[in-house]
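Labels for the chains are A, B, C and D, by order of writing; each one numbers its residues from 1.
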Amino acid sequence: MFTKILIANRGEVALRVMRACRELGVATVAVCSTADRDALHARLADERVCVGPERPEDSYLNVPAVLSAALSRGADAVHPGYGLLAENGDFAEACERSGLAFIGPRVRHLRLMGDKPRARRIVEKAGVHVLPGSPEPLADLADARAVADAVGYPVLVKAAAGGGGRGLGVARDPDGLAAAFAVARTEGERAFGNNLVYVERYLERARHIEVQLIADRDRRVAILGERDCSVQRARQKLVSEGPAVDLARGLRTKLAEAATLAATAVGYTNVGSVEFLVEPEGAFHFIEMNTRVQVEHAVPEVLTGVDLVREGIRVAAGEALSLPAKIDVRGHAIECRVHAEPTRGGARVRAFHTPGGVGIRAESALEVGDVVWLEEGPLLAKVLAHAATRAEALARLRAALTELVIDGVPTNLTLLQRVLADPELARGPVHTDWLESHAAR
Amino acid sequence: MFTKILIANRGEVALRVMRACRELGVATVAVCSTADRDALHARLADERVCVGPERPEDSYLNVPAVLSAALSRGADAVHPGYGLLAENGDFAEACERSGLAFIGPRVRHLRLMGDKPRARRIVEKAGVHVLPGSPEPLADLADARAVADAVGYPVLVKAAAGGGGRGLGVARDPDGLAAAFAVARTEGERAFGNNLVYVERYLERARHIEVQLIADRDRRVAILGERDCSVQRARQKLVSEGPAVDLARGLRTKLAEAATLAATAVGYTNVGSVEFLVEPEGAFHFIEMNTRVQVEHAVPEVLTGVDLVREGIRVAAGEALSLPAKIDVRGHAIECRVHAEPTRGGARVRAFHTPGGVGIRAESALEVGDVVWLEEGPLLAKVLAHAATRAEALARLRAALTELVIDGVPTNLTLLQRVLADPELARGPVHTDWLESHAAR
Amino acid sequence: MLMEESGLVELEIESAGEKVRLMRGRVADGGAAASAPPTRAARREAETDGGARAITSPMVGTFHRAPAPEAAAFTEVGDVVERGQVHCLIEAMKMMNEIEAEFRGRIVKIAVENGRPVEYGEPLFLIEPV
Amino acid sequence: MLMEESGLVELEIESAGEKVRLMRGRVADGGAAASAPPTRAARREAETDGGARAITSPMVGTFHRAPAPEAAAFTEVGDVVERGQVHCLIEAMKMMNEIEAEFRGRIVKIAVENGRPVEYGEPLFLIEPV
């Protein structure tokens, strides 16, 4: 096992990783910007290293500074959490070259799954159905139009280096293609420094279901259930629940098998999840693979009792997985993301209280007095409810949200409460367009 | 089911009851003192009624004011939580007379189990072994001496109306009896307005193990496992864990049977727990029965998945228990009480953060800016860790406590961390004198 | 008032068919109203304000402006109340507690609607000393 | 200084058997040291103090007072350093980054022990302008 892990992240995920380190008896080094010196993650770690000025590019994303912090403090591994450097192949490679273990999959897995068209090809070759679309990244509109005509409208134009719902443009017909193309291209350029795009058939009324897995160094893949993340706003997951309900007979197994095929095809190792679009009739299509611990990792954790972050560290340390002989999924879990409403400027937290009690798991690094920068609509807290049945879990989560106090910051709490009280959601699964079409009514 | 419940309590237990009410779709009325108008429990309830000035006697313990609040707001039931009016038979009776359901056992159960010597007699008659001691309440020292000589030293002198570790005096020999008698008498007078005492054989190196149960209106008793609360300071439970480890073969079943006998003997209904002292060789003795939801109720809840508070409300509403056909205890849970260190004056909370993550349940109603009155060493937070094994639960709880932030208030956190890191505790069960004799070394 | 003159502290009457006990808030020690002592509380709150002063409820209950459902209100806005004059009842647990004016003054505002529940310390009247 | 005069921005040397690249902190744009621009940072921090001013670390790394383990320290307390004179090295990812004085002054205090890790913005020297 490692002796000291540098956590290259901040906020609730940094705390999450810190807990796993503590349980494993591993020392922790936190990094922070000049603005974060007194943030919770910096205060709670065994050591704290300020790696640069406030701008993320100058601090948390400053690879040499982060690596230098790890080396000068004698850390032997780096945990990227999620977001920031988590899926950055160059960072992972730089870690390895500096003799630091990168806690996550191999560099090649990050590169390969980060190149979405390439990932599509490999997974398709492995025998998993992917949506009709462009086999290669596209540089110009004409090529995009050709592919779109071939697969048929509506289509999604996606940034080749994108993911997580960013860098997406929808074209319902040929007239809309140019605009969609521009969106994907510019967002891809801005967010990922890559302006290549690809085109994919756009499915309406489909569910977004992802399968959680973890694989050890010997590529033994363990499946930890699936979750339905169809409640989305602007393609951002708002509510995730597991297990996915009302699946056609045998579909759960088929999804697990497909996820295993995708992971095995690249010899995947460590924690990851495979995203699928599932049509009402049960046909399903690979979208992409997330090569990291996900924001929603708590859902499989409470359902299976497996500590995914701890297991991920174990795998990276070359240890065997300590999973139960038979992983069984118990009860039903629903988690929602409480975000700040994106707007200009910042807001100071005046009062803060996270709900507790039976079956509730709330995670946040927010503190009274914190100034939240609203522009990006950052994640403020995650609240999860676990119960024997879906109905109980829903009631429990609704109750928990009435107890969540975040005074001073505009949040999406009201929207979440409306969504969770919606009879359509209570009745059963919804599709990825549900929330927005619903709100539109 | 009830339509509106008045919660006659404050702090984390008021929030706990509120959650259960919300899940059941029942409206809530909070009571508060003039000092608590903006406290979390008052802000989060559907309605808030200020029932009097700051002194508890004038507000939370002001029976007419509390009942009047319930009646004038149209509540149909009152939940006392734990402490305050929870085991007050007169209050329960006043509720019933006012047409309000008291959420707890029947008045006679409170009266009967509140009279400790009487409870001893009844439970003994039911066939459960009780410690040798005085069958009747004692008013003077001579009687106490006679009993003490008969049962043999060391002895405990207990307030007849006591409980929860209050109103206790230990006499290791005849010379110490007068002092012990005085302690029990005066504490009993002060805390319970009753100066009668009783004498009981004092067992050293025994474990404090209590059995959790809930009984419906038809007196069907369900057992929800037991917990070991032997880690005590000044007879106050500091750490509770379940299931109790290293029990002699068959002992767990015997304890469950004895608890059932005790409950059945009085026709008990609703949530309660039966306390036993267990000797190293496995002999066990009834101490007392707690006729309410306990501070430690989270331990059986996470082990069995049963929401005890919700079930208690159901029972009081005359509904059937919604328990799983077979209640199985899963994994191991350890909970500790984080108290303020008893001292003069008050302290303001400067920073506050409760740990989260896998298997952690933290409950508190503390907020930044709160002024905590330290004299009584109030409960600030409860932190529980649940895991597959005892060792994992211990590691998890240790990690969680390093994440608990309560700046500005003197707490017992350091003591808790020392206790949970103690190799003797890690090795196995300890006895009720362990912590203090240990600290003495 | 009858009770004032007679020095009675308690009086049972039939009101709207249901028997209620009438008590004088200020002397009701040991009684149901005692545990939140009305006078002390009422005075303290009253003094917290300059000019027109708020008379706050000394107990939790239901606010009644009249001795009985059909009866006329004890007071109206504009009335001058004498010290010790009853200007409302607070019903707590089926008992009617008379609330008396702490000082002579003109009622500027009646803050609570008749028949509404009131909490401890809730402003009932705004009175201008005269 | 050699590098100053030669206008070199990089120089490979053998130090203690292990090859390290020597870079000039102030011009190391695009290099590893670039992403936390030394000069800007160092200046800004330096100006935050009146009288004796703190020279803070422009990057994360290990603090070296001498060019090599056996060599003499660049500066000692009491020395007067010229603007642009190297007074320490910060080793970041096997690269030695020269840190130069931002202004002429006398070293009042050396805040960090030789060979210790330093974080961004950590005070290294206290210098009194002369």
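The definition used in the following text is that a contact is a pair of C-beta atoms (placed from the backbone, for glycine too) under 8 Å apart; a residue touches a chain by one contact, two chains touch by 3 or more.
Every value quoted in this text rests on a predicted model; they were computed, and no experiment measured them.
**Student:** Between chain B and chain D, what is the separation of their C-alpha centroids in Å?
**Tutor:** A distance of 62 Å separates the two centres.
**Student:** Could you please state the distance in Å, as a whole number, between where the Cα atoms of chain C are centred and where those of chain D are centred?
**Tutor:** Going by mean C-alpha positions, chain C sits 79 Å from chain D.
**Student:** Taking each chain's centre as the mean position of its Cα atoms, how many Å separate chain A from chain D?
**Tutor:** About 41 Å, centre to centre.
**Student:** Name the residues of chain A that each touch 2 or more other chains.
**Tutor:** Counting only residues that touch two or more other chains, chain A contributes none.
**Student:** Can you pull out the residues of chain C that are in contact with at least two other chains?
**Tutor:** Answer for chain C, listing residues that touch two or more other chains: there are none.
**Student:** Answer with line, ring, star, complete or other to describe the graph linking chains that touch.
**Tutor:** line
**Student:** Touching pairs of chains, all of them, please.
**Tutor:** A-B, A-D, B-C
**Student:** Give the list of chain A residues in touch with chain D in this complex.
**Tutor:** Of all residues in chain A, those touching chain D are 34, 48-53, 57-59, 62-69, 71-73, 98.
**Student:** For chain B, which residues are in contact with chain A within the complex?
**Tutor:** Listed in rising order, the residues are 12, 15-16, 18-19, 22-23, 25, 40, 43-44, 298, 301-302, 305, 307, 309-310, 324, 331, 351-365, 367-369, 388, 392, 395-396, 398-400, 402-403, 405.
**Student:** Sort out for me which residues of chain D touch chain A in the complex.
**Tutor:** Chain D reaches chain A through residues 32-33, 35-36, 41, 59-62, 91-93, 117-122.
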